[in-house]
Structure formats: C-alpha cells, structure tokens
Amino acid sequence: MATYIETLTMDTTGKGTYEITSEVENVVKRSGYEKGNVTVFIQHTSASLIIYENADPSARVDLESFFERLVPEDLPYFTHTYEGSDDMPSHIRMVLTRTSETIPFMNERLCLGTWQGIFVFEHRRCQHRRKIIVSVSD
Amino acid sequence: MATYIETLTMDTTGKGTYEITSEVENVVKRSGYEKGNVTVFIQHTSASLIIYENADPSARVDLESFFERLVPEDLPYFTHTYEGSDDMPSHIRMVLTRTSETIPFMNERLCLGTWQGIFVFEHRRCQHRRKIIVSVSD
Amino acid sequence: MATYIETLTMDTTGKGTYEITSEVENVVKRSGYEKGNVTVFIQHTSASLIIYENADPSARVDLESFFERLVPEDLPYFTHTYEGSDDMPSHIRMVLTRTSETIPFMNERLCLGTWQGIFVFEHRRCQHRRKIIVSVSD
C-alpha cells in the first residue's frame, strides 16, 4: 500500500510546548493501517518537535526555563539578529531538539510509553501557524 | 509486506550508556527482511537513545561527565522535583538526545559506520526496566 | 516495492555545515517513487546531520559559534584525548544534533519547509570523506 500523508497545523501563541498527540493518532486512524510507523515532521527552523512527559506541567515549565538559559537571547557574538533577539536562539533550540520523529504503531494506536506525548516546541515569541507533515506507512 | 515489530527490554543499573546494537540486529534478522529500515523507539521520558562511538569506553565516560555538567541536578529554578534531584535533569537530557532513530539495513545487516553502536542512555540513578520498540520495514 | 538505498559521499574541509538537500532530492527522483519517506543516515560519530535555515549564511555562522562555546575543546575533565582536542567535542556535538532524519516526500519532492535544508555538520578540523545512507520507501 502507499504511504498516507496529511498536513496538520498548530497555531502557537508564543514560546512554549503544544501537545499534538491526539492529532497524530487521528491521522493514523484515518490512514486505515493497523500496524506500521508514523513519521512526524515539522516544516520550520524556529520551532521543533519533542516527545516529552505529558502528565505534570511543571516538567514543561522547567524545560522551557532550561532552554532560556542554555541558549539565551542577546548573546554578544550573534550576527543573525535582524529578525529580533528571539530569532537566532530559536534556530539553535530547534537544532538541539528534533525536526522528525518516527513512532511505531500497532492496532491503530501509537506505541508511546505511559508518560509520553508529542509536542511542538515553539521558540518564537509571536503567533505562528506551524505546519507538521504526518506520514503513515504500513 | 507488513511492518515487523518487537519489544526489547534493557535492565539498567543507574546512569550510563548500555549498548543494544546486537539486540536490534537480531530483530532485523528475525523479521526475514533483507533490505529496508529499522526504527528504534524508546518508550520513556527519563532515558533516551544515542548512536555513539562503541570502540573506546573513554568516549562514553566523557559524554556522561559532560551531561552531568550541561544539565546539573539541583538547579535552583527547577520546580519538578518531587521524584528526586535526578528526575528533572533526566527529562532534559532525554530531550537533548533522541527518542527514535531510523537506520537503513541491507543484506540483513544494519548500515552502521565502523565505530557506531546503538545505546540506551539511562538518566536515572535507580534500576529501571526500559522498553524499546524495534520496527522493521522492507 | 522494496526500499531503494544509495550511499552519498560528502568531502568536508573542516568544521562547518555542508548542504546536501539537492543530492538527497536526486536520490528520491532516481528511486522512481512518487510519495513516501526518505531516511538520511550519517555513518559517523564525529559528524552529524541537521535540518537548518538555508537562506541566510549568518544563521550558520552563529550556530557554529554557539557549538564552539557549548562544547569547547580542552575541557579539563576529558580523558578521550589521544586523537586531538577536537575529537571528544565532535562526539558530543554529534549526540546533541542528529544521526538520522526521516523526511516525507510527495510528487517526487521533499516536504521541506521554505527555509529548510539538509546539512552535514562536520565537527573535525581535518578533511574527511563522509558517507550518508539515503533510504527511500514508498
């Protein structure tokens, strides 16, 4: 059978993590495939994907705090600055996380662990419409 | 043909790297497929996957030392602390490494480079039974 | 249909980022598949892959500057040093970026965003011939 592909959109409202687990699972269901792999791919260089703890919101707060310190805005040696001080850190934070993830599924359900969710990690301050390609193979 | 999926378990005994290359290669052999891709997916948010130097153990020692310093325990701004001081760093170290890797194979053998091995990177101090989904497609 | 696999080579001339987007797209075209996923896998532990901003070179300069500071050479606690001071940092920089990426394609074209390109991220100072496996499935 052929690969089944859909594009999801996520409207982000500033820096932070946005869960898309159920949206991805719905694409798997619509594919009609029972068992296989789903690839999630984000089409941006200032937002990324993570698979992360989805039970306790404090784990997400601390993650965001950590990244603010690991890749601060206004590092004196940055030269790529014309789009604002949150632009260059957004590219680095993206590189340090993921652009694609591939997740096996069985019985039309993602093989995620108990505490795992799929998230868009938005690295820019302004609102953005983010596009995520979801590709299902059996 | 359909995707072939198995679950591996790795019993970890504290922070460190644990090689699973031969276990993954055995799943590929049991799939019966000669050529394709294998996706390795770890079902946890406090352990991760890396593809790493598997010849010289000192490279693994230094990697672990680096991560202890890059994401230290007891950062004063962490709020997600009720499971112990190694919990929140484990989530961040996981995000900075990988949850899924996809590796092509030919003639039933993984297309790994000479020095590459597949490792579980355990970020917690206690013993854990880690589950890894291995999904083989031709 | 079977997975279509080719090996690309990239001759690097020192630390930096080297775009391979068109080479990957050509492999997809040669596969003859119209829709599916392409997995890009680098067979090295001192070079890695990133999907990154390919419009403005300053974003690549700043990325490289950041990694020089995040994982400096000559950290006093490194023990894996016999191959030179750029060796151990190369392994860590590789772990912090990617070894494999999976990218959906449609109508024989990669589903990359407007500003996304695929790059080899070379972490060693000397010249290297890097091998990248490109695996196309429909």
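Of note:
For clarity, chains are labelled A, B and C in written order, and residue numbers in each chain start from 1.
The working rule: contacts are C-beta pairs under 8 Å (C-beta built on N, C-alpha and C of every residue); 3 or more make two chains touch, one makes a residue touch a chain.
Owing to the predicted nature of the structure, the values given are computational and were not obtained by experimental measurement.
Simply put, chain B must spin 120° to overlay its Cα atoms on chain C, rounded in steps of 5.
Interface chain A/chain B: under half of the residue numbers present appear on both copies, so the contact uses mostly different residues. If you average the Cα atoms of chain A and of chain B, the two centres end up 20 Å apart. The set of chain B residues that touch two or more partner chains comprises 70, 96, 98, 102, 137.
For chain C in complex with chain B, the residues that touch the partner chain are 2-3, 5, 39, 41-45, 70-71, 75, 77-80, 88, 91-92, 95-96, 98-100, 102, 131, 133, 135, 137. Of all the residues in chain B, the ones that touch chain C in their complex are 35-37, 50-53, 56, 58-59, 61-63, 65-66, 70, 96-98, 101-104, 106, 111-116, 137-138.
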